[in-house]
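Here the chain labels run A, B, C, D, E, F and G in written order, and each chain numbers its own residues starting at 1.
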Amino acid sequence: MPIRRLVLDVDMAVSEPSLPQLARAIEDVPGVQAVNVTVTEIDVETIGTDVTIEGDDLDPRAVQRAIEHTGAVVHSTDEVVAGTYTLERTPRKR
Amino acid sequence: MPIRRLVLDVDMAVSEPSLPQLARAIEDVPGVQAVNVTVTEIDVETIGTDVTIEGDDLDPRAVQRAIEHTGAVVHSTDEVVAGTYTLERTPRKR
Amino acid sequence: MPIRRLVLDVDMAVSEPSLPQLARAIEDVPGVQAVNVTVTEIDVETIGTDVTIEGDDLDPRAVQRAIEHTGAVVHSTDEVVAGTYTLERTPRKR
Amino acid sequence: MPIRRLVLDVDMAVSEPSLPQLARAIEDVPGVQAVNVTVTEIDVETIGTDVTIEGDDLDPRAVQRAIEHTGAVVHSTDEVVAGTYTLERTPRKR
Amino acid sequence: MPIRRLVLDVDMAVSEPSLPQLARAIEDVPGVQAVNVTVTEIDVETIGTDVTIEGDDLDPRAVQRAIEHTGAVVHSTDEVVAGTYTLERTPRKR
Amino acid sequence: MPIRRLVLDVDMAVSEPSLPQLARAIEDVPGVQAVNVTVTEIDVETIGTDVTIEGDDLDPRAVQRAIEHTGAVVHSTDEVVAGTYTLERTPRKR
Amino acid sequence: MPIRRLVLDVDMAVSEPSLPQLARAIEDVPGVQAVNVTVTEIDVETIGTDVTIEGDDLDPRAVQRAIEHTGAVVHSTDEVVAGTYTLERTPRKR
């Protein structure tokens, strides 16, 4: 069953890439259908983002290579969804 | 794949442009289908806004030029969505 | 592309106009399809309201003139939506 | 264009009218289609309520007279919606 | 126009009735279509509940008699909805 | 009219039953269509859970016997829904 | 009636498995249709996750074996849903 969603914690320099450049680089990875890049923190020299990626069959390594090729850095993978449909997390209640 | 949504942090002088003028200047950019300008802060001389723009194929540079042509200032790009559909951000849970 | 929604910060005297009078005055402006007047503050002599107005092609100046003709005061425009559909704001995440 | 919704701040004595009596008195006003009476405060002698009224063409004065005829008191009108559809308030973001 | 919903603040002894007994007693009242009994407080000897009742034409007095016949006590009526449809409350914004 | 939903506060030993065993024991009760067992507290020796059970015609006593047969303990019944449809609680606003 | 959802509290070393490896190992268990692995905590050496698994007929032991085979550890089962449909928890109101 394919990987359908990846959520990544990505940092980049304020200078480059621009957010549209990052989004386009991710889109060019085979299997990617849509990408959302949201800024969560702006520091003096770096920008912190949440990157959400969906597709029918995502390749996590190819996505990571494409991001790092732009000069941005993947700090961590925060969510992976796989299967025949996109399953949301059921949060713990305790 | 096209850019479908841009969220921008835009400041302007209290005197001009008016919010309707800003909205209309953005609408005139090719590819723009809808724009929402929301005031988030009113200071003595400046107004801070969240500008959300959607379209089938947005040109981030043309949007920025149109905004700055009105006298307003783009402080930062806060969200970019690209792909075959408009993907919402999945927020980090840690 | 037309203006589809205006959100205004409107104050009025406790004595007049009444909220129904204000709503009807706004409705009479050409292009207005619906109006919501919600009280957010009641002081000794004045009432503060959020006025939401939707239509297919709103004229912000005509709306302002109609409101001020009733004796109420437009303090600020807080949101403008324009385009081929009514776009909600995507709030900033930082 | 007709008035479609009224939200009123209504107080009554603990003794009378009962909530069903108040609801029925409002329903009997021409143009009223539905009414919700919700208790927001119970004091020693008085009950405070939010009264929401919807209809195709509400008459604010007739509604007020009907409420006061039961012995209850209208403190203020808190929301008026008018137009070709029932428009919800867009809250201010600053 | 009929009463469509009643919300009651009902207390009962820990010993009896049981919640299913209370629910069934309310259901047996003519006009009742559905009932939700939710515990909001458990003390040493009493249980506090929110009782929500819906139907096409509720009789508030018959409902109260049925509840008190089980040994439970109606402290107050907290919401009444009447009309051609079930209208939710629009909460006050000030 | 049948009982359609029961919400129970159920405790069990850390050792047994397992959550799947408890869920299956409840499912085997005639009339049960679906069950959700959610852990709300983990102590050294006991696990606290919210158990939600739905069906077309639930028998509260048979459900309780099935739960206690597994070695778990029903502390209280927290919600009962009965009638021709599953009615959610309307919470008190005061 | 089958088990339709499992929510597990799973820890793993920062080094391995990767989140995609964990998701794929769970997917390979017969009966699994979709899996969501969400990181809830990152420490120096370990990563804490909420793992949500849905399927038509889940085998809790086979899922646990598959997870532990990757080197990750199942700390607890936090939710089990079984029956003819996927029932959400109704939270306690007291």
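Operating definition for what follows: a contact is a pair of C-beta atoms (placed from the backbone, for glycine too) under 8 Å apart; a residue touches a chain by one contact, two chains touch by 3 or more.
Everything quoted here is computed from the prediction, not taken from an experiment.
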| item | value |
| --- | --- |
| C-alpha-based rotation, chain A on chain B, 0 to 180 degrees, nearest 5 | 50 |
| Which listed pair, E-G, A-B or B-G, duplicates the contacts of B-C in over half of its pairs | A-B |
| For chain D paired with chain E, centre-to-centre distance based on mean C-alpha positions, whole Å | 22 |
| Centroid spacing, where centroids are CA-atom means, of chain A and chain C in whole angstrom | 40 |
| Euclidean distance of C-alpha centroids - chain D vs chain G, Å | 50 |
| Residues of chain A touching at least two other chains | 38-40, 42, 50, 78-79, 89, 91-94 |
| Listing of all chain pairs that touch each other, if any do | A-B, A-C, A-F, A-G, B-C, B-D, B-G, C-D, C-E, D-E, D-F, E-F, E-G, F-G |
| Chain F contact footprint on chain E (complex, rising order) | 5, 7, 9, 18-20, 22-24, 27, 32-40, 42, 50, 52, 54, 78-79, 89, 91 |
| Residues of chain G touching chain B in the complex | 38-42, 50 |
| Chain F - residues contacting chain E, complex | 1, 3, 60, 76-94 |
| Residues of chain D defined as touching chain B within the complex | 92-94 |
